[in-house]
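Chain nomenclature is as follows: A, B, C, D, E, F and G, assigned in order of appearance, with residue numbering initiated at 1 for each chain independently.
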Amino acid sequence: MIQDSQQQAYDRAITIFSPDGRLYQVEYAREAVKRGTASVGVTTDEGVVLGAYKRVPTELMEAENVEKIFQIDEHIGAASAGHVTDARKLIDILRREAQVNRASYQEPIGVETVVRRLCDEMQKYTQQGGVRPFGVSVIVGGIEDGEPRVFETDPSGSFYEWRATAIGENSAEIKERFEQDYEDDLSLGEGVTLAYDAVKESNDDITPEAFEVAFIEKETEEFRNLSADEVREYVE
Amino acid sequence: MIQDSQQQAYDRAITIFSPDGRLYQVEYAREAVKRGTASVGVTTDEGVVLGAYKRVPTELMEAENVEKIFQIDEHIGAASAGHVTDARKLIDILRREAQVNRASYQEPIGVETVVRRLCDEMQKYTQQGGVRPFGVSVIVGGIEDGEPRVFETDPSGSFYEWRATAIGENSAEIKERFEQDYEDDLSLGEGVTLAYDAVKESNDDITPEAFEVAFIEKETEEFRNLSADEVREYVE
Amino acid sequence: MIQDSQQQAYDRAITIFSPDGRLYQVEYAREAVKRGTASVGVTTDEGVVLGAYKRVPTELMEAENVEKIFQIDEHIGAASAGHVTDARKLIDILRREAQVNRASYQEPIGVETVVRRLCDEMQKYTQQGGVRPFGVSVIVGGIEDGEPRVFETDPSGSFYEWRATAIGENSAEIKERFEQDYEDDLSLGEGVTLAYDAVKESNDDITPEAFEVAFIEKETEEFRNLSADEVREYVE
Amino acid sequence: MIQDSQQQAYDRAITIFSPDGRLYQVEYAREAVKRGTASVGVTTDEGVVLGAYKRVPTELMEAENVEKIFQIDEHIGAASAGHVTDARKLIDILRREAQVNRASYQEPIGVETVVRRLCDEMQKYTQQGGVRPFGVSVIVGGIEDGEPRVFETDPSGSFYEWRATAIGENSAEIKERFEQDYEDDLSLGEGVTLAYDAVKESNDDITPEAFEVAFIEKETEEFRNLSADEVREYVE
Amino acid sequence: MIQDSQQQAYDRAITIFSPDGRLYQVEYAREAVKRGTASVGVTTDEGVVLGAYKRVPTELMEAENVEKIFQIDEHIGAASAGHVTDARKLIDILRREAQVNRASYQEPIGVETVVRRLCDEMQKYTQQGGVRPFGVSVIVGGIEDGEPRVFETDPSGSFYEWRATAIGENSAEIKERFEQDYEDDLSLGEGVTLAYDAVKESNDDITPEAFEVAFIEKETEEFRNLSADEVREYVE
Amino acid sequence: MIQDSQQQAYDRAITIFSPDGRLYQVEYAREAVKRGTASVGVTTDEGVVLGAYKRVPTELMEAENVEKIFQIDEHIGAASAGHVTDARKLIDILRREAQVNRASYQEPIGVETVVRRLCDEMQKYTQQGGVRPFGVSVIVGGIEDGEPRVFETDPSGSFYEWRATAIGENSAEIKERFEQDYEDDLSLGEGVTLAYDAVKESNDDITPEAFEVAFIEKETEEFRNLSADEVREYVE
Amino acid sequence: MIQDSQQQAYDRAITIFSPDGRLYQVEYAREAVKRGTASVGVTTDEGVVLGAYKRVPTELMEAENVEKIFQIDEHIGAASAGHVTDARKLIDILRREAQVNRASYQEPIGVETVVRRLCDEMQKYTQQGGVRPFGVSVIVGGIEDGEPRVFETDPSGSFYEWRATAIGENSAEIKERFEQDYEDDLSLGEGVTLAYDAVKESNDDITPEAFEVAFIEKETEEFRNLSADEVREYVE
């Protein structure tokens, strides 16, 4: 957390530069992301694995409706960390964009195109007055030209492409784990296991039931949610 | 209640992030919700029970017009806690949405669709300048595909699906009670009793007359208000 | 009057939440209402009595033009307390609404419909920037489906239905008096007397001349102002 | 003059409520009115007398162009105190309103209608951001249904009907004098004399030349300015 | 110059009232006028004399382009003091107004009409947010119905008609001089001399070359600039 | 540089008056002009000389693209000091204006017309909220009716015509030098030399290469840039 | 980094002048540029070399998608330093501009035209309220009239043409190195080596893989990215 007396002047109004060239509202929005449970994205030989840790405080809550993973198009999905309401607003834009693309060009939208559209939207909220930045990071994954691709975006509107990445709580530790253990020729099951283990390392109380997984298969180019049983099978 | 000197900078203007990534105006709006008397939603085998504690200070006030429970469509209702004027504004939007749905698709709107529309509206008021967030939480309940569903929303625009949940004053205690006593195969009467007892535990002066109940029946998919007599019969 | 150092941060700009979930500008507007002389509404067996204490400082002022009671439609009236200029703005909207209703549906508007429209308008001024809340409370009374109804509204846009209620200066004391003395089968004259006596108790210098009364009769469903003589006759 | 440390928070931005329910910007605008020389309105048996004290510092100034009394329509006039530039803006609106009325309904506009239109305009400037209230009070006088009527308005948009009233500097003293000496069956000359004497009492250096008088005659229903000679004749 | 600690609260944002009913931004704009060199207007038997003291610091500056006197229409001129750039903006509006009048009514615009239009424009900038008042006073002079007329306006939008008046630096002293020496039947030459002498008294270093004079002749109703030679001839 | 504690209140928001009638934002913009290297304009018998000192820190920078002198039309040019990006925005407007003039009237625009248009634009940015004044002064020079004319403008939108003038760093010293040495019948070469020497006196490290010169010839009425060689020839 | 107590007043709202004529928000934006890794542009005999240091923290990140070098048109490219999201927004505008130029004039857009369009856009964000300046500098390079040209722009909207220049972290040191070692007749390979060595001097941990290079060839006038192998070959 960022905190000293000098910054107080920069957090009142619109997003403006501090004397050392930082945009505090954007950095604070990143803190909001860190307060959310982790989500991960892993490219494998068989396709893209998106995983999200959903902390469910009680049995009375219907876990399947805690949204952290979203389908954007047949071949593209996203996993968020941070303010899920902000994520939904962005996902709605991307879904419409994907539909428009199919209608206009009779072909699926590219993964990178979706990411750029997402980041343009987020950038606007860091430069204009009267709004706050989005308090959410989004991992976008999908198949493009037959290849699995995973992108990480953040509240500033930056994006980076990764083979395996994480956002939200303890994302730095999860990424470190990925760096040690990631291999290029992972199977779907190995990808899910890597994702689960990396998140579990820093959130010891996670269970397979609390780990939502979606998979976009390279061959079929189709997004599907793994059932809790499938997840448990892989990670145990 | 949240309170320390550092937060003072964040409560003046539009809803912006604090250094630790929180949106204080949204959190303050949640405090406004906690100041309102409790409302609950319980799914039962026979349908959805919505209950609301209406504190009526004097006999001269016509209790039936203290609005906390609203019908949105034939098969969907809502119970609010917090600023009822804010709730009315939201309910009006949802009713129109439900009508439009029937007119456009010749079929009733889905419960989850209503909830998403509600939360989109609430999110807007947390990101744009010149407005404050809604000071209200809303439980939306109804029948969808023959199944009873209950959702809890809050001023940030988040929503969660529950088997039984509570909002407003002492909602944490009421939820705890639900966790202990909720069972999957409740009858309507048992649902009403569970709801009433849970609220009564933390609001000892409640009477059946001050507990408004609406029921959306699984079979008929119809919303109806229970009379004070019916409520009394169940809870005694 | 509300007053402590902590609240200072919340009264500068638009209507926003304080850390404990209150909207100070709305509470201050309620103070503006308390600064105005009292108005009352009483349902009787014969119809609705609206009463307003009009403090007339000098004989040179033409008392009948001190507006506190307004006719909205043939069968609906209103009594205000607080900023009368704010009241007039609201009443103009309601009158137009009533006319439109007659033109569109060939039938008189419902009392509760008028109240909801009034409160929607007031709510808007508590949530948007660049305006202040209305500094006025309004009692709306009228005949609906053959029954007398009286509603009390306040600057937040809340409303409650009452058998007898009061707004403005000393309204709490007047309401207490109503609780003790109100009976269900009042005649018009008894209603006027109850209203007058309750106001007089806390405003000792009131005279029948300074107490404006309007009556909406159950049978004819017509609003009419009582002459000063009629009022004097009833209360003496 | 109103002045204490607590109010400082309320005078910076738009017109908002103070904790005790006051609108300071409106009260300050009233102070602006008190800084202007007095104007008066008196109803007599023969019609309405409007009078205005015009302090003319030097012979080189053409006194007849110091505007404080305005003709609005053939049968309606107005006298202002405070910011004359603000008054002119309001008077322009009223003149147009009067013309439109004649064009639309082929009949002269009512005095009270003019007053309500004036006050609606003034109210707007007390509730919306980005503007200040009008710094002027206006006495509107005219003949309606054969009867002389005089209204006093103020920056809040309030209005009261009077038999004789005053605005501006020392208006309280002038009103007291009216209370003592006003009689119902005044002739035009007695009305002018009463007006002049009341103003003179608190502004000893006034002369008949510095006292502009307009008269709206009951019989002809016509506004006309009295010449300086006529005024002198009456008051001496 | 106005200056005390209390006023600090009133000079930050839009033009608002101080507790004693003053509009500081307007008063500060008047200070801006006082910082400009003086301009004068004098009615004579032969027409209107407009004079302006133009301080030219160096021979390299082309004095004739230091604008302080403007022609508005054939028969109307103006002399300004204060921010000349603000003056130009106003003069442009008035010239257009005068042209429109000729086009619409086939007759020259009245002097007073021009003055009212000017003051309406200036008033707007004292009541709306997001702008500052005009930092200029303007003397408007011309022939109307065969008579010379001179008006003085100020940043508040007030206007007064004068036989002889002054604005800008030392205007109070110049006016005093006018009061002593002005006579009703001045010739053009006497008018110019009076104007020059009055300004010279408080600006000892003035020379005829630095005193621009325009004359609007009663007979021809035409505006023309006097040459430096003509001015020198008159004043010596 | 202007600097004392009292002015702090005036630099926060839009351009408003200080108690002594100054517009600090405009004065600060003038400081921005003084921070830029000097530009000069000199009228000669053969035409207008515009000169600009371009400090080029390194050989790697292509000096000819450091813009300080701009061609506006065939017969008009401009030299700026201060924020060159602000200058470009203004020059673009003037070029368009000049083209429109040629298209509409089939004749070249007048130099003074260009200057007035420039100053109108600059004035707007000193009176409206939400923008800052232009941080640039511009010397406009050209041939009008066969005569060379040179105008100096500043961020307030004021303009003055000069025979020889300077803006930017050390402009006061350069002007003093002009006052001593300027003569009416300069040749082009003498004009360039005077300009160069005056700038050099206060910027000792200037070289002919760093002194850009443009010339608008009286006879041909054409703007052209002098080559570095031509400049060197003249000044040595 | 700029830092002292006096500047605190200037960083709150829109971009305004400080008393010494500086625009702090623009200077802070320049600090944001300095926080970004360096980019360079070098003109050679064979064309323009654009280079960018891309710090890639881990093998898992796909380096080729870290955007710092952009193609604008066939013959024009750009390298950025600072907020890459801000850069993307600007690049999008320039690409569209280039396409429009080809469509309208059937010829490629000029390099300088692109630079001017870029700077106009950036200037706007330094003068209007409600937005912050762009936090990015952009080097634009390309072939125009057969010659390689390189421009450096900054957040103020200024631009300069260079033979070799650098932006971002340590740009001053890199420029110094260019001044020492740049020669006019560099081959492509020498240009790449010079660029790499200059950046490496102040960022010792750079590797050829982390140095993205694009080349716009003089002969073909075509932009192409050099492969990592090509870069390594040149610099080793």
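Here is the rule we go by: a residue touches a chain if its C-beta (ideal position, glycine included) is under 8 Å from a C-beta of that chain, and two chains touch if they have at least 3 such contacts.
If you're wondering where the values come from, they're calculated on a predicted model, not measured in any experiment.
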item	value
Interface composition of copies chain C and chain D: same or different, split at half	different
Rounded Å distance, chain A centre to chain B centre (Cα mean)	30
Separation of mean Cα positions, chain F and chain C [Å, integer]	68
Whole-Å gap between the CA centroids of chain A and chain C	54
Residue numbers of chain F (touch at least two other chains)	12-13, 129-130
Contact graph of the chains (line, ring, star, complete, other)	ring
Ring path (origin chain A; first step to chain G)	A, G, F, E, D, C, B
Contacting residues of chain E [partner chain F, same complex]	1-3, 7-8, 11-13, 24-25, 28-35, 58-62, 64-66, 83-86, 88-89, 92, 125, 129-135
Interface residues, chain F side, partner chain E - complex	9-10, 12-23, 112, 116, 119-120, 122-123, 126-130, 151, 156-165, 175, 178-179, 182
